[in-house]
Structures are given as structure tokens and as C-alpha cells.
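Listed after this line are the structures, all set down as C-alpha cells.
One chain, chain A, links the two complexes that follow: it is found with chain B in the first and with chain C in the second.
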Partner chain A sequence: MKDLIAIAAFVALVAALLAGADSGVVLNFVTMALYATLLAQAWNLLGGYGGQFSFGHALFFGTGAYAQAIAQLQTGLPAWVALPLAVLAAAVVALFVGALTFRYGLKGSYFALVTLAFAEVFRIVALQLPITGAGVGLMLPLQESLAALQFGSPRGYGWMALALVALALLTTSWLRHSRFGARLQAVRDNEDAARALGIDPFATKLAACVLSGTFMGAAGAFYVQMFHYIDPAIAFGPTTSVEALLGAIVGGMGTLWGPVLGALALHALSDLTRNLFGDLPGLNMVIYGLVLVLIVTFMPRGIAGIGQSVRQRWQGGGRG
Partner chain B sequence: MAEALLELRGVAIAFGGLRAVDDVSLAVAPGSLSALIGPNGAGKTTLFAIASGFLRPDRGTVRFEGRDITGRPPHLNARAGMTRTFQIVQPFAGQTVRDNIAVGAHLHLAARRAALAEAERVAARVGLDTQLDKPAADLTVAGRKRLELARALATAPKLLLLDEVLAGLNPQEIAEMLPVVRGIVAGGVTVLMIEHVMQAVMNLAEQVWVLSQGRLIAQGTPAEVTRDEAVVEAYLGHGTARRLLQEAVP
Partner chain C sequence: MFDLGILYPAVLNGLTTGAVYALIALGLTLIYGVLHIINFAHGAALMVAMYAVYLLHQRFGWDPYAVLPLVVAGMFALGYALQRGVINRASHGKDENILLVTLGLAIVMENLALLAFRSDTRTIETAYTLSTVAVPGPFGVGAMISLPKLLAFGGALATAAALLLLMRGTDLGRAIRAVAKEKQGARLMGIDVEHVYAVSYGIGLACLGAAACFLLPAYYVNPQVGSGFVLVAFTIVVLGGMGSFGGALLGGLLIGVVESLGGLFFGDSLGQVSIYLIFIAVLLVRPQGLFGERA
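Up next is the complex of A and B:
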């Protein structure tokens, strides 16, 4: 219940910001921060609550993005019909990859490597196939209307991103207060103990993977609608994978608000460094990286767990 | 005797050249409280792992309620009513005591509210009701043992396999745990326990099996097995039984 009130307050706040802001810079910032939140929250479902650290979440993102574009370009379906298809395609890929990796008990860095490898395979395949536009990529024709899910101003995309983020937050909140969520966290914390208590780790992790992939797919579809363009590097390259996992890790894995805070902080940081040091190409990435190292070193629970980390450091310091 | 709840027939497993469990047969009667004892490394925990499905035996069969369940995965065994605990306690460390126990309760209760309420009831049964909101990682050893027991109990098992729930506890804590275990059996749950604390075994168990180097060397009531020469030698070394006898009769 507390979660729901907080989510409602968050949505109201962002909605007020979207409705009230006139500046394109602000609207753009809010929209892209929401998009980053969606990525982080999607990753959080599997990585944070399930303890399965994927390094290739772009796999599901890219699948959703290409499905959204192909459904419209090749089969002429309207964007609204393409959207559920894109989400479904991402879910199917998540089901396939999850089944394959969890069946063989891949965990930890092995799971991370396999997901990364799958994303790379998809990227290379997308570079070759005519249906994905090969190296040229796919471009959606400009067609500004609600029916085509294309908007003239960033505000429209802001609403769309907010709706998706709200859905992701509600799903996460459900996860925290449901049997499935309890089982998922049990598997994350101790798989053997979970098995002894009647939990099937394979089915549990697989379901989380599909859920997580579904939201990544939605993020991919959103990306295509907003930028009207997708190519193999954007779709399956590591950038999106890293953005998703960093947002969740920096913000606080396995929490409801961590990914929101993490995505916002990272997005603000990257905008700031780009603006301040734009004339020194590369320097912004150095500062970005440095801040990340500091956060991961000194705030292992992320921004959401900052109070706990400080308390522990304080007590630890007292003991010497 | 009524049909056994759990029955092992000629179970054997080897790890490389080590015969961890070698041709063990035993039958646990429904409603009973029995114990599996033996020196360190005798294969007791391995036998538990085989019974509960964590390991598949090389030979032999495991039957539960008359059905062959050899090699059936542990989560299916738990659903059928056989739950084990772990000697090295395995709490879900980041979660509270209440959440930990609720995971067990969720086996038969889908609703979160019902599982949390059941967790409170089970916590009261094992004496954890004052620590429900503590993170599991903050519990003492005795507290963690109780939590291990509570979580298993929350799955409403027919058969509970307890792996050294008393190890590492002080005499006071052991004295507190004995009525808890007895209460579980009185509540209709069959219990098979691995235990090193002989005071507890003598106090609780109706039937005892003694395992040494993977083999069953004795069985009977606690009084019978502690008089058994082979058992004394397994614990204290070859020739001890005769020496003790000589010292007792000057």
C-alpha cells in the first residue's frame, strides 16, 4: 500500500513536470531519464530481485526495437499493434535464452558472459539479414500522430515513457508483495535452501527473465518510436546493456526506487559532463567512469542504500 | 508395523573412490521421532541429501509414502511433504526472520498475507516470535538454528529431516530446543534427525540408526545402540569397547 502511494506521488510529480515544462531541454531530460529508468528497472527485475546479472540485456531491447520497426515497415501494421508484438518477441527471446542458460545452471559471471555472447550473436545476425536492414538499419517514416505513436514534441514521448515506467514500478511493487517475488528472492539469496522449501529455481528464474525481457522489449519499441531509427549497434551493442545494469547497481539493486534514483543520477551526470567538457572529447567519459568507481566502492548498496552503508562504515570505523 | 513413511533400500553413492554411503537400508515409521548418528564423515548428511533428492544414489531406491522417488528433485519432494534442514544454516540473509519463514509457508499458501500470518504462528512455535523483524543475518547461532527449523516447519511437512539442529548450541539452548522438537512430533510431523548431541538423542529418539564409514553398523533404541560394541568402537577407536569393559570390571 505504501508502495502504491509512493508510485502515485512519483507519477503525479513527473506528470506535473511534463505538463508544466515549456523548455525543450527540460522535456528532453525528463523523457530520457524516464527511458533510462525503464531500462534500469527492467534489469532490476532479474538482476536485483533474481540475482542473475545479465550483461547482455540489449538482447531483449534490440529484439523489441527491431520487432517494432519490422512489424510496421515490412507488414504495414499500425504502431499500436506493433507494440504488443514487439514486447511479445522480446519475451519469447527471453524465454529461449533463459531456458537455455538456466537449464544448464549458469550463474554469476558465466550467466553474464552468455547473455553478452547472445547479444553479440544477435548483433552480428542483424548486420547480415535483409529483414533487419543489415548494416544500414531500419528507418521509420516520419508520421506525427497519436495513431502512429509519433509525436511532434518530446512531451508526447515523455507521457509514453512515464506510462511504461509506471507499469514497471507497479510490476516491481507487485514482485515485492507476492509469492513469486518471495520465491525469486529466496532463489537469489540461497538456491539450495529455496529448493528444500519446494521452490523450483529453474522455473522461478525463467519467469523473472521473461518479465525482465518484456520491459526491455517495451523500452526497445519506445526507442524506435522516439528516434525513428534502429541499427545493429544501437539495438544489440553493449551501450544499452551497460546503461540498464549501471542504473540499477548505482541506484540500488533489489529495491523499488533504486533504479529510478540511479538512472536519474547517471543521466544527470552524463549530461553535465558532456556540457562542461564537450570541447575535450573523452574527458566526460573519464569523469563519468571515476564517479561510477567511487559509487560502487563506497556505496555498495547504491543510492537507495546510502543510509545503511554510512551507518555500517561508521560502526566499522569505530571498531578500527 | 504400518507402512514406512520413508524407506531407503540398499542406497549407495560414491564420490570418486570414496564410498560415502554404502548399501544403507532403513525405514522411518510414520509419527515417529528417530535419529541418525555416527562419527564425523560417516555419511549422514549425504544420506539426507539422497533421501531429499539433492543427490541421486548410484544404487538403491528411496521410497516416500510407498512411492519410488529416487532422484526426484528436492522441490518436488518438498511439495510432496518431505522437507530437510541444513547442518550449515542457510538463511536468506538479507531478509527478515518473518520473510524467511514466509518463503516456507508459501509452499501451500499463495497469498502473501496468509503466508506472513502463518510465519508468525510458526515463529511462536519455535520461540522466534520476538525477533520477527530482525534481518536473518543478525540472529545468533541458536536463533539461526531455530529459523532453519521454522522455515522447514512452515512448509507443513509430513516428514522433517533435521540435520544437526542442536550443533553449536550451549546446554541451556539445547534444553530449550528439546521441547520444541518434541512439540513438532506431537503435532503429527514425523522427524528423522541427524544429531551429535547424545543427550538429545537419548532424550528424544525412539529409534536410532548408527552410520559409520558409509555403512549402517547398528540400530535399535538409544539404550541398545549405546551399549553396542561396534558403535562404541566407531566413536572411540578400535579396541576401546574391550578396554572399557575391563576397566569397568576390575
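Up next is the complex of A and C:
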């Protein structure tokens, strides 16, 4: 219940910001921060609560993005019909990859490697196929209307992103309080002990993988609707994978608000560097990489970890 | 298509490329065998070494082969410092942290190179860049192999042999193997485990220094060049069995030939896909590797 109230408050706050803000800069910032939150929260479902570190989450993102674009361009489906199809496509790929890897008991670094390799395979295949537009990519025709899920101002995309983030938050909150979530966290903390209690680790991890892939797919579809363009490097390249895992880790894995904080902090940081140093290629990623190293070294529990430490100290029983 | 006159040069070319792959994979497998971590910064470190060779040639006109001792020593120092100063501190005893830190280091290195050199692809010109050597084969077929690739083949095998000698025949090698097998026991015998960790990481990166010197006369360098090699190196290490030197050597040569023949039959980019598919298949079916001992 506490979670639900907090989520409602968060949504109301962002909604007020979206409705009230006049400047395009603010609207753009809020929208992109929400988009980054969606990526981080999607990764968090599998990485944070399931303990499976994917280094290739762009795989599901790219699948969703391409499905959204292809459904509209090649088959002429309306954007609203394409959206569930895109999410479904990402879920199917997540089911396939998850089934394959968890079936053989791959975890830890092996899981990270396999997801990375799959993303790379998809990128190279997308570079070859005519249906994905090969190296040129796919471009959606401009068509500003609610029916086409395209908006004239960033505000419309802000609403769309907020709806998706709210869904992701609700799902995460459900994960924290449901039996399934308890099983997932048990598998994360000790797979053998969980198995001894009658939990099926394979099915549990697979479900988390599909859930995570679903939200990545939605993020991909959102990306295509907002930027009207997708190519193999954007879809399956490492940038999105890194952004997703970084937001969750910086904010705090396996927490409800960690990915929100992490995505917001990183997005603010990247905006700040862009304003200070201009659009130097690579600078943003250098800072992301440094932040990753520093966070893992000095704050392994992320930003949310600070809050927990403070609360523990406040209640007197903490180790600090 | 199955004409020996076409196949033979393709196989030879594959072997020469594969030897360099093997050298890169040897460094990766050593780091995995001793530190039990997957070094995601391996490709980025190779790229750093290649830029070092490039710059030394560009600024001072030094020959890529002549700077080998310098680059190898430099990479060793970089590796020692990175492991001792960054990776070890960040690990907190958890493998996931090392995974993330090496990923972070890779991102930093690659994008610093992007900042400094832009994404332009650069090559160096030497007197022998375009020379070729005729290599006679069976049944009267022959092949023209480029001289730098042939030298790379010999150099990579020599470096691998030197590494094996180091591991088998010296006290340092024995200490490294002891730490790899049983960390606590090694510590009780008076071995400085942290030092051995850093040295192993340093040697792993030093292999990349050698590989860079052998690669550059015939290859190019750009900030992303490492990522192409890194998945290939992972494939070889997994194929050969994590931590196995012989496996890395054989796996490297095998992958080189597969890539070359795959490129011949299916075109270059799909030849690349075949490597990733082998990688995924081996990881799924036989994660201990073709030559690995235990599951």
C-alpha cells in the first residue's frame, strides 16, 4: 500500500510538471528522463530482482523498436496495433533467449556474455536484411496525430513515457509483494536453497526475463514513435544496454525507486556535460564509464543505498 | 568452390589471423584462469595498445616490430596498475562487481580514444605492408600470403611459447598457477596473492601489446577496433575451455580458419555471424569448452 501511494504521488508530481511546464527544454528533459527510467526499471526487473546481469538488453529494445517500425511500414498497421505487437515480439525474443540460456544453467558472467553475443548477432543480421532497411535503417513518415501515436510537442511523448513508467513501477511494486517476487528473490539470493524449497528456478528466471524484455520492447517502440527512426547501431548497439544497466546500478539494484533516481541522476549528468563541454563525441560515455567504476567501488548499493543507511542509523539499529 | 587453389590460401590466411586471435585469447584466458573474472576491458585494452603502436610510428617513425618490447612493457604496467588500483578495490569480493568495473573501464578507454582520435580509421605505411611471400602447398598449389601476416603468425606462436615457458619453468609461473588453483593455500605459503593477481592481469594485457605490434602493419585502428576482437577472443576462450592455454591456442587457429572459410562461402559479414553462433552454441551446450576438464 505504501508503494502504491508513493507511485501515485510520483505520477501526480510528474503529471503536474508535464501539464504545467511551458518550456520545451523542461518538457524534453522530463520526457527523456522518463525514457531512461523505463530502460533502467526494465533492466532492474531481471538484473536487480533476478540477479541475472544482462549486458545485451538492447536485444529486446531493438526487437521492439524494429517490430514497431516494420508493422507500420511494411504491413500498414496503425501505431496503436503495432505497439502491442512490438511488445509481444520483444517478449518472444526474451522467452527464446531466456529459455536457451537458463535451460543450460548459464549465470553470472556467462549470462552477460550470451546476451551480449545475441545482441551482436541481431545487429549484424539487421545490417543484412532488407526488411530492417539494412544499414540505412527505417524511417517512419511524419504524421502528427494521436491515432498515429505521434505528437507535435514533447508533451505528448512525456505522457506516453509517464504511462509506461507508471506501469513499470506498478509491476516492480507487485514483484516486491507477490509470491512470484519472493520466489524470484529467493532464486537470486541462493538458487540451491530455493530449489530445496520447491521453487523452480528455471521457470522463475524465465518469467522475470520475459517481463524485463517486455518493458525493454515497450521502450524500443516508444523510441521509434518519438524519433521516427531506427537503425541497427541504435537498436542493438551497446549504448542502450549500458544505459539500462547503469541507471539501475547507479540508483540501486533491486529497489523500487533506485532506477528512477539513477536514471534521473545520469540524465542530469549527461545534460550538464553537454551544456558545459558541447557535443564532443564520446565524452558522455567517458563520464558514464567513470560513474560506473566509482559507484561500484564506493557505493555498491547505489543512491538508494544511502537512503537505507541513513534510515538504519536513524532507527538506531544500523551498521551505518 | 572446393578448388584446392582457392581453399588453400583461405586456410593459410585463416591460420595467420587465428594465431593473432590466439594471442589475444591467451591473455584473456590467463586472466580468467587466475582471477576468475571475465575481463570485459580486453578489447579496449587491445585498442589502446594499437593506438600506442600507431602513435610511436606516426610521431617518431619507429617500426611496429621494433617497439614491441616497449609496448609490451607499457601494457604490463597499465594492467598491473589497473588491477591493483581499480579492479581489486572495486571488487568487494563479488564477481558481479568485477564484471561491471571492467565494463566501465572498457567504456572509458573506448570513448577517450573517440574523444582524442575521432572515429576515423587509421593505418600505418611501412616498406613491407604490401609485400607478399609465396608459400608452397600440397598437390602443387601455392598461396601468396602477405609478409606482415606471416610474421604475425610466427610472432604470435613465439609469444605463446614464451608465455608457456614462463608459466611452466619459472617461480613466478609456479606462483601464478598456485594462486589460480588454491588462493588461500598459496597465501599461506608466503605468496603475495594481490601481487600475483596484478602481475597476471599485467601479463594478460602484455599479450595484447604483442598482438597490437603484429597486427598493425597489416591492419587498421579505430576506437571500436577492440570490440570486433573481443567477442572473437571470448569465443576462443570458451571454445578452448576457460583458463586452458592449449585450448586457447588451438581454438584461436580453429576460429581463424572458420572465419576465413565462412567469409569465403557466405560473404564477410555472415562469416562473422558464424563465429557468434559457434560462441552461443558452445556456451549453451558445452560451457566447459571443447578441451575443458570440468563442467
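Criterion: the second predicted complex is superposed on the first by the 293 of 320 C-alpha atoms of A that agree within 3 Å, B and C clash if a C-alpha of one lies under 4 Å from a C-alpha of the other, contacts with A are read in each partner's own complex, and residues count from 1 in each chain.
Here is the rule we go by: a contact is a pair of C-beta atoms (placed from the backbone, for glycine too) under 8 Å apart; a residue touches a chain by one contact, two chains touch by 3 or more.
Everything quoted here is computed from the prediction, not taken from an experiment.
**Student:** Of the partners chain B and chain C, which touch A:195 in the superposed model: first, second, both, neither?
**Tutor:** After superposing on A, A:195 lies in contact with chain B but is clear of chain C.
**Student:** Using the touch definition from the top, say if A:20 reaches chain B (first), chain C (second), both or neither.
**Tutor:** Neither partner.
**Student:** Chain A residues in contact: does chain B have more, or chain C?
**Tutor:** The partner making contact with more of chain A's residues is C.
**Student:** Quick one: classify A:152 as touching chain B (first), chain C (second), both or neither.
**Tutor:** Touch status of A:152: no partner.
**Student:** Which partner does A:130 contact after superposing on A: first (chain B), second (chain C), both, neither?
**Tutor:** After superposition on chain A, A:130 lies in contact with neither partner.
**Student:** In the overlaid three-chain picture, which partner chain does A:55 touch, first (chain B) or second (chain C), both, or neither?
**Tutor:** In the superposed model, A:55 contacts chain C only, not chain B.
**Student:** So in the superposed three-chain picture, is A:281 touching just chain B, just chain C, both, or none of them (first/second/both/neither)?
**Tutor:** In the superposed model, A:281 contacts chain C only, not chain B.
**Student:** Now for A:300: first (chain B), second (chain C), both, or neither, which partner does it touch?
**Tutor:** second
**Student:** Classify the contacts of A:141 with the two partner chains as first (chain B alone), second (chain C alone), both, or neither.
**Tutor:** neither
**Student:** Could you tell me if A:178 is touching chain B, chain C, both of them or neither one (first, second, both, neither)?
**Tutor:** Touch status of A:178: first partner only.
**Student:** Using the touch definition from the top, list the residues of chain B that touch chain A in their complex.
**Tutor:** Chain B reaches chain A through residues 52, 54, 73-75, 78-79, 83-86, 90-95, 99, 102-104, 106-107, 109-112, 115, 151-152, 155.
**Student:** Contact residues on chain A for chain C in the complex?
**Tutor:** 53, 55, 100-101, 103-104, 106, 108-110, 112-114, 116-118, 120-121, 124-125, 127-128, 238, 242, 245, 249, 280-286, 288-293, 296-297, 300
**Student:** In the complex formed with chain B, which residues of chain A make contact?
**Tutor:** Listed in rising order, the residues are 177-179, 182-183, 185-186, 189-190, 192-201, 254.
**Student:** Under the definition above, what is the set of chain C residues touching chain A in their complex?
**Tutor:** Residues of chain C touching chain A: 37-38, 40, 86, 89-90, 92, 94-97, 99-101, 103-108, 110-115, 118-119, 223, 227, 231, 234, 238, 269-270, 272-273, 276-277, 279-280, 283-285, 287.
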